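Letters are used for the chains, namely A, B, C, D and E, taken in the order the chains are written, and counting of residues starts over at 1 for each.
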């Protein structure tokens, strides 16, 4: 639960617009990688100071500045000043518990969403906040730097000129980044699906209390997925409808494609939700069936042996005058009676489908 | 579960617009059948190369190109170029896990939805993606080619000139194809209804854990149906309202008819959903009633025999001085006492409605 | 379940607009009754051929053609041609599984909804499709002819000139027919309420598994009611807002009245739904209380007699040296011990509120 | 249940607009009290005939006609004619099962809603229909006359000139009447809250089947409250937005205030609904905990005494050669064994937290 | 429950607009603190009479009047007159059970919402109503005065000139106050999260009936949070869209930021709701698993000992002719039989996974 509210409370009471990093990752150096390209040429540079990015600002070529690490307020502040970003945007970038959203500031569009990836160690889902700033000829992308770089295939496409990316503007680059993030959702969902399959196999083979806990755990993980993916739909829809000159008409179909993928991911989340609910239903009904099975055994045993024990008890009484005790074959006769009762009951239960 | 997400992940990391078939059907030759007709004449041709479809493009007659198989990227690419389709459309056609939708590209309208059919072998529902492209004078229909041809009755109507289809334009043909797909939903729903009936019969006759599993299985199958049919409503509604010259006013009432049918199919799905929920309720209450019945038997047996066994135990004690043991009719008297207790309890339980 | 989908599948594969009757009533002669009236005069005629209705078409008086039976495609086809109706409308009239709706065709308005009536034999709800065509000076009403005539009171009002009906136009007549159908919903709902009362009485007096089945049965019947009544709200709302010259301003308040009644009927359906849900809750809690009661009895009996039987068993042992057995009042002493234990437990359970 | 549908069925089959009283109160004289006032003067009159209200119609002062009893069709008919009301309005006033709503007839606005009050005898909620007609300079208020007069405080304010009411127009009077009715909802809700508190106390102290029935009973009563209050929100909202000259701008903030209060009342109803649902949850979990507690006792008793009884049984066997029986301290040894088993089990259960 | 409705009923029957304090805090002196500042200067004053605030009204500087305590009608009345507030606003300020909302009165905007804070003693959530009046150059803030002052950090920022607050207008001050309140929600939510964690730990370690009660208690507390926070979303959204000159364009992004935070808080509330629902599910399944575990023990004990006791009973019978009793090793043989049965059953249960 702590992940939800702990971070926010760091800021309560501070003056508005305070730049405070609310994530978990404190140390490490912030890496700033610039890629500048157009149809003809391409240049790459790893920045050591923020000031180095000033020349890129007004170049007509497409500039992509990728920042890994958002925990150093001074660096981000300078960067924001360089590209003329509002302080609130910088605050949002550093607050790593943002709800996915997009905001249009006229000169640039701010997009924030969650990168999801399965933890290679234990398969848990790791969430990292990604902020994108789309200007007329530049794209800034901010990663928290927890995970491996999801943007490396795009970087490769730019370098090799594969696909249309070198021929298109900054808006297409922003689309490509968005698309990479959304495509990753499906990998996470597939991994999640594998875990659901596992729980299902266990549910069918041998449901136990740990199965129930596993299903409830998956339900909670799904809650996290839902929370990360659901608002992206609105975000993508808003970008598609955006009345701005920053997004060209030719890029809109691509954004619509991203929107479709997000809707598909949400659909999948919803289906998992229903499947997990059903699995809980199956689990509960299997538990009560098991109880019934146990009760049946108990009842059968008790029902068969109680009368027999009673009969044995009767002939264990010490009355002076008990004629049956004197009979020559009394003992065998009683055995016969008791066997008859036992067998009779057995068939009675069979007919009643209790066995 | 795998059906949901496995396919999508094939594409993550690839450049956008990559044409990758995400379905299960890899082999086989793609069949391209052309039907060209107007009120007066009709021509049919099975294409061997994609280039053969170029002459049809600008003919004033209605041309219907039916493509069976969408797994060969090169053929589809050529076809898309021939009819001037956007690369993203071709990508969508090959990604066979699209959510049903319609998109207006000005020159043509793209419609994608699911063809549902019961598997003749085991009665499971098979889903196949159908893409339709409606141009001013042509209709392209893409089938995955898993199932038998659902469009053959329409082909027959065109050949024989039955109905209005030969007198109407390409939009009416597109309507007829849509109508055939939607009408098929009812066949699937009826088959599904039969399975629900079966489960219900079993539920009433003799509910067991397998009944519960069957009901939950039907619920999951219904989830699939819901996912396939629900978005078609929006799709059909959008076509009805479409402000495009591609759909004539005279065709709108027919599309409205399709819309009505989809709404009816969705209604049916909703009713099945509620019926299945009720069946689960009935199942659970029958399980707990069964438990009660078993408990009653156990309680009655225990309640009758425990006191009797106790009494027998008392007179099995070896005290030196136990006057009753000396009585002449002590044994019979005790039998009488025990019988009285047994019969008394029996009637007590009858009065309490436990038996 | 069969009622939902069987009928539709008759039509799959046929050319669109095929006139196929999808109801259950095959035989019988179609009755066509014409009533032609204005403020001054009134004429009634039972038609033997469809052609006889041609003269009525353009008369300035209000003409009401009531058709009982929609299973003969040829007669309906002719009738449709006579009054200039679209083929799709005729198709909808014959398909007796339409969802209630209204459609404006300019010259006329098409309304289709369900007439509900309790089956006099077993109290089950019978549903019959009623189609209304409102033209400028005529109203056509199509009944399936299953049930007795619900429109006879209106016919009587026209004959006797009771109410405003003779002074108003065709739109008021259509309103009166709608009103009669909607008013009948309340009769059905009241009958349904009686059945709910019955189930509730049984639930309070002596809940058994058959009570649960009865409640679930009522829930399913309510589903049917909901399905028939719910869409009528939209229908009535659409008529009220209708921008058409076919409905005069003076009739709108009356249609708004019908709308209010439908909303009231839907409210009642919703309340029944919640009441039935609660009844299931009460049933389940009564079942588990019963289980608890039984368990209590079992536990009390076992808890009292097990120690006593154990004691009796101890003194039934055959050890050579058991001093108590030699005591003079050992037997009485043991009885005293056992009685003390029994009575003590009895009061212990009383104090714990188990008895 | 009967309260829902019985009344409506009185009217089915009658010509539309028939004035039929559908309430329960048949007898009694209808009281018509007129209050005519402006800033300067005030006149009160108890009418004996309806005609006496004609002079008030066109007076510039504010006239408030309060009618107690709506079961006499002739009187209401005359009254409606006097103030120029539509017959359908009169019909609605007499049908005491109206859904709360407001309708604008141009010259006047019709408002109908429910007055709720706790029955002083048994605390059940009594519902009475109140109709208000707001004209340019008059307000008609129709009460069924079941309960004591809720409007008397307003009457007092008018007489004494307390508050702004004498300085404002008829619309403010209508607001004051509405406000009185809505304020009463809170009294009813508080009484309801007391009953919920009572049920909760019982739930915590000693939950029994009667507690469950009480909670379900409260849920049903809440259903009634919800049905009465919910539509008032829409009604109040419509009045606030009303584009009519009958409601002055200065009165709108007051109506907005009423709207706020209704929303608050609905909020309270929703909270009660959730609280009752939770109480059912608590009840069910307490029932199953009780079952568990009972089962634990049973299991402990059985688990301790069964082995002991078995041991006693063993040494009650009559074999010729049973060496233990001959031992001098065999009896004491066996007692020691049995005591060890009993004590061991006791501690075992303690450690397992079963006791 | 009482907190919901008791307060409102104080006012029923009184003339509208009566100024009645509906909160719990009766005594105490009302504190009125004025802070007047612009970019250059700052003045603070504690008012002793309301008249002292008149000079501040028309000063061009930003004036912040903070009123602590709203239980004295006369003081508030005077204050309202001084700043030209509508009587209904004053009534709302004193009615401390308002639903959060905002209303635009042209000259000023009225905002009312709930300040939430954890009670330092028992951790329960305390709710206090805060009313804000934003005029062109003044802000009035009304606190009930239950809790410590949440606005002191803002007061400090103004005094020290930290942040932008001194350079901005009254609208920015209103934003800062709102932001402080909303930021506090996260502190409350974090405290709530701690309690949820606690309940969860207990649920996993050792679920008991008190755990269930704790979870249901948290659910109810969440209901309160939901009720307080949910309407703030609408409120913040309305302020963002506000077409008023009172809010400058430069302040809108800040209000949008508040809106985002509220949405985030609501998201958190929703997640807690789902988590609590799941915890109830886990609790119930753990209860039924426990029951199953107990039943298993009971069944195993009974199933093993019943046959053994029966056998012992058989050889305790006193028949004259029982050959086994005479056997030399009969006793040992029977022990062997009984041990075999016991061990056999033990392994049978192990294989059935009952142990």
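Before moving on, here are some points about what is shown:
Following the convention adopted for this analysis, a contact is a pair of C-beta atoms (placed from the backbone, for glycine too) under 8 Å apart; a residue touches a chain by one contact, two chains touch by 3 or more.
This one's a predicted model, so the numbers in the text were calculated from it and none came from an experiment.
The minimum number of touch steps linking chain A to chain D comes to 2. Measuring from the averaged C-alpha position of chain A to that of chain C gives a distance of 43 Å.
Centroids built from CA atoms put chain E at 26 Å from chain A. Annotation for chain D: residues touching 2 or more other chains are 288, 291, 295, 298, 302, 306, 309, 313, 316-318, 322. Judged by the touch criterion defined above, the protein chains form a single closed ring in which each chain touches exactly two others. Interface residues of chain C facing chain B in the complex, by the touch rule stated above, are 1-2, 4-6, 8-9, 11-17, 86, 88, 91-92, 97-99, 101, 103, 206, 209, 212-213, 216, 219-220, 223, 227, 280, 283-284, 287-288, 290-291, 294-295, 297-298, 301-302, 305-306, 308-309, 312-313, 315-318, 322, 324-331, 334. If you check the complex, the residues on chain D that touch chain E are 153, 157, 162-165, 175-176, 179-180, 183-184, 186-187, 189-190, 193, 196-197, 200, 253-254, 256-257, 260, 263-264, 267-268, 271-272, 274-275, 278, 281-282, 285-286, 288-289, 291-292, 295-296, 298-299, 302-303, 306-307, 309-310, 313-314, 316-322, 353-354.
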